[in-house]
Amino acid sequence: MKKLINGVDAVVSDALAGLARAHPGILRVMRDPDYVVRVDAPVQGRVAIISGGGSGHEPMHTGYVGYGMLTAACPGPIFTSPTPDQILAATRATNGGAGTLYIVKNYAGDLMNFEIATEMATADGMTIASVVVGDDVAIGITELRRGVGATVLIEKIAGAAAERGASLDECARVARRAALQSRSMGVALTACTIPALGHPSFQLADDEIEVGIGIHGEAGCRRVGLAPVAAIVDWLCGAVADDLRLCAGDRVLAFVNGLGATSQLELYGVFHEVARWCTEHAFVIERNLVGNYMTSLDMAGCTVTLLRLDDELLQLWDAPVLTPALRWGM
Amino acid sequence: MKKLINGVDAVVSDALAGLARAHPGILRVMRDPDYVVRVDAPVQGRVAIISGGGSGHEPMHTGYVGYGMLTAACPGPIFTSPTPDQILAATRATNGGAGTLYIVKNYAGDLMNFEIATEMATADGMTIASVVVGDDVAIGITELRRGVGATVLIEKIAGAAAERGASLDECARVARRAALQSRSMGVALTACTIPALGHPSFQLADDEIEVGIGIHGEAGCRRVGLAPVAAIVDWLCGAVADDLRLCAGDRVLAFVNGLGATSQLELYGVFHEVARWCTEHAFVIERNLVGNYMTSLDMAGCTVTLLRLDDELLQLWDAPVLTPALRWGM
Amino acid sequence: MQFTVDHVIRFLERAAALIRDHSIELTELDALIGDADHGANLNRGFTAVLAKLDDLVDEDIGTVLDVTGRTLLSTVGGAAGPLYGTAFRRAGALLAGRRILESAELVAALEAALQGVVERGKVRQGEKTMLDAIAPGVETFRDAIAQGVLLEEAARQALAAVEQGMRATIPMQATKGRAAFLGPRSIGHQDPGATSAYYIACAMVGDVERLMTRSRDVSSAC
Amino acid sequence: MQFTVDHVIRFLERAAALIRDHSIELTELDALIGDADHGANLNRGFTAVLAKLDDLVDEDIGTVLDVTGRTLLSTVGGAAGPLYGTAFRRAGALLAGRRILESAELVAALEAALQGVVERGKVRQGEKTMLDAIAPGVETFRDAIAQGVLLEEAARQALAAVEQGMRATIPMQATKGRAAFLGPRSIGHQDPGATSAYYIACAMVGDVERLMTRSRDVSSAC
């Protein structure tokens, strides 16, 4: 394994130090317990939006802390959920008296740690609501569905609602609707190398790809032969749109996400096929996002997310945002 | 070789189609000859800023077309300079009567193709100025220095000058000054795989890195053992700052650029070390840029660029920009 | 035989040592059906626990277990952190103030820990998790004590049940935790959480020698 | 012997075929000291030239060469596009309107092409580029014709000089083009541009059989 690091144990810590140094106008990085918080938190009377998860998915979540998106993010070690004390500390530091919304990806570890944090915060007199994101249609059983690409979209949408002064219920409602209206599926061409493991977490032959992968280096739901990107997009979009029951004329946000080691050249090629596919099925791409927004270290591959838009979600998506990784309107 | 593509010959073409579809509000993609142009070009009375080069470095250059940066970009095939007719067509399409500035990376192919385009455009009665970028201190002989990271910074700065109505001479002057004030050096952990070649362009052992690499899959100037990122940054920053003759108290823009397959976690770790190094040497990082802004397909590694700032360059850097890959202030 | 704070501290020391020695093995197991962090996670947690033990020698058993649970909660993360953390805290709460334990209290504490895992994990037996190792162990121990079996022998029986439960996860298809994402592809691999539970049980029983021969089997079985 | 448009068109057809057949070899050479595109670039260009030849049979030699140069310029890109493009256009400009050539005109056209490469590339001999193959060929041909050597024999001598020039690039350190970035590490590899120049020279001489045996040597020499 070759990485630009000082050592396996320093990876997350060094990256957080770099993040703090790079974006002092946007966020602050707190240590022991670790969390990243908007520079102006707590904002009195505003709902705080908090997410978190294992590191290794950058820019998710720390890169989404800032105006109009996350109030705080709790980064765990690589691919390991953060601990309740991180979440509790972030909750306290961002408490503006209007309640806190946790955006939790549907993984056993994330759920349990946020659950314990909720118990602690509630015992402390704070008001917590949670939205669980499980958009990965690669998993047949709905309750088991992992949170993947939709997480980024939901964080943006919930953050915009909080920024314009929506109540906790209101923020939770739009976040849940965005979650309900989005589905994803991914494909890997290579596994990623987790620093602590030191070798790729699974092996793929030179003519094999893994369909339905997660973002934690775990293998997917089936292994198939390498195919042209047009065919791959047909599978991904087909599975996503079926599950979402998209109908002709539906407006969508199409999100093509790189998993870390896939070139932008390829990602725009993927988006070209997604757009072709949507046109063929009379789905209208009203907004799009193409790039590395939720990665799996150095995995090669992508996820495709479709979010069915309505005017409210569209407005929230378009609202100004100023974070290290997502920025517009300011 | 595994890539998300429809075939070796379709890579650039499909990516351009995707780019056009993703950013209709910012740019248009013209075909045969291929170039990418701002949606509002030509702007009468404004200097046009044009760059170009081989594909495979995305978002450079096509991702920098838009308000406040490039008026047009000419993408060649992967790692192959664009042809004069592409450049000429882009020059004609963006000619607002105030002249055109070519930003050319110092490669034989780029130089010659832009030179021929200049001859043709001049014969057509258009006014052309050129700035050649050669910031790579890995190359000892100054005239041979490749254009790498500084190109992105110079495109932003020249674009901001043009946007605020500067004359061609003025745009060329600030671009040249930015070029004069910036140096870069890079390191690769792996080679990239050029689709047409189908295998990595050079081989590195599991404990070797290549220092002073270019961005076209070519090997660097020396091969050394893998080292902690702190040591790597010491070499890169040392070489860059020496050549730039940075003095204590100098203000800089520090740019940590990923070459395609290096995680953001690592890039922020690199930036942390760059900031540490600058502090040790009393150089003041006034601005920074951390991410994949000039890639070499799926190469793992990074380049570090330092640009000595003054008030004028700082203002031009901070000016609003709206392109697919760089956006702020709007 | 009676249990004292000393016993508990030595158990935790042994647990920390075993987790450290088997950290790579646990991570490799997790790489096969999870995300390759189980060993590193637990090792981080038990190392933190170890660092606190010196300050705990004069505390009661409940406090030691509670501090252990809190420490695991705040350092392990992932799924294992909340699960083991909750288990230790539940046992600690039950034994608050106690300095010496009878077998019956030990059974009650283990049952509380088990219940903590069940509730926190919303999990049943047969879902291919740590519960499949823990539950048979606690049940076997409880039944043996109830039948008047001597503590040492009851512990041996319980450990054998844990080990069997651990191995029984191999043919299971996971329906909880990350391994569940793999569906049928999770079959054929031993659950990392069940494996760490086995090592913790070994530490509890304290039969380190027996463990050392066993652990080679475990590794080679993987 | 006199040169006609027909000869030129057959030369270009042979050049296109040779470049196509050696495209991977040229790209592999470029991978060693450049950026692995030389074969693909030239193949794209000569394929485009080939597609235009049918429409050019009734044109004069100057036009055919000029269109060839323009086509290479607008389809090859990289360094080779401007260099070969300029070379063909310079030759074409010199032969504007000519339908039949004497040896002397051929010499002048080749010298113009050579001059085009020198000016466009701002290059001298010994910098490890295509010039190191082209220049000795043109000079040998010029001298042989000046000494009254028969055209066929002069062409053979020139081709031998091109081949020797190509091989002479192996021990050179590059100071132009991408290979120059490698400094001393460029030594020991044959220049891809000199190699493509050799194949084009082969097409010019038209001795395809001889070439077929040679090309195996070239590949194995790399």
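Just so it is clear, A, B, C and D label the chains in written order, and each chain counts residues from 1 on its own.
In the analysis below, contacts are C-beta pairs under 8 Å (C-beta built on N, C-alpha and C of every residue); 3 or more make two chains touch, one makes a residue touch a chain.
Note that the structure is a prediction, hence the values are computed from the model and not measured.
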item: Chain pair with the most C-beta contacts; value: A-B
item: Inter-chain centre distance, subunit B versus subunit C - centres from mean C-alpha coordinates, in Å; value: 54
item: Rounded Å distance, subunit A centre to subunit C centre (Cα mean); value: 32
item: Numbers and ranges of subunit A residues touching at least 2 other chains; value: 78
item: Multi-chain contact residues (two or more partners), subunit D; value: none
item: Pairwise touch network: line, ring, star, complete, or other; value: line
item: Contact pairs between chains, per stated definition; value: A-B, A-C, B-D
item: Touching residues (chain side subunit B, partner subunit A) in the complex; value: 1-7, 10-12, 14-19, 21-22, 55-56, 58-59, 63, 78, 187, 189-190, 204, 206-207, 209, 226, 228-230, 232, 260-273, 275, 285, 288, 290, 292, 295, 297-298, 300-302, 327-330
item: Of subunit A, residues touching subunit C in the complex; value: 33, 54, 76-85, 107-109, 112-113, 115-116, 138-141, 144, 146, 194, 196-197, 201-202, 214, 216-219, 221
item: Subunit B contact footprint on subunit D (complex, rising order); value: 27-28, 31, 33-37, 40-41, 44, 73-83, 85-86, 120-121, 175-178, 180-183, 185
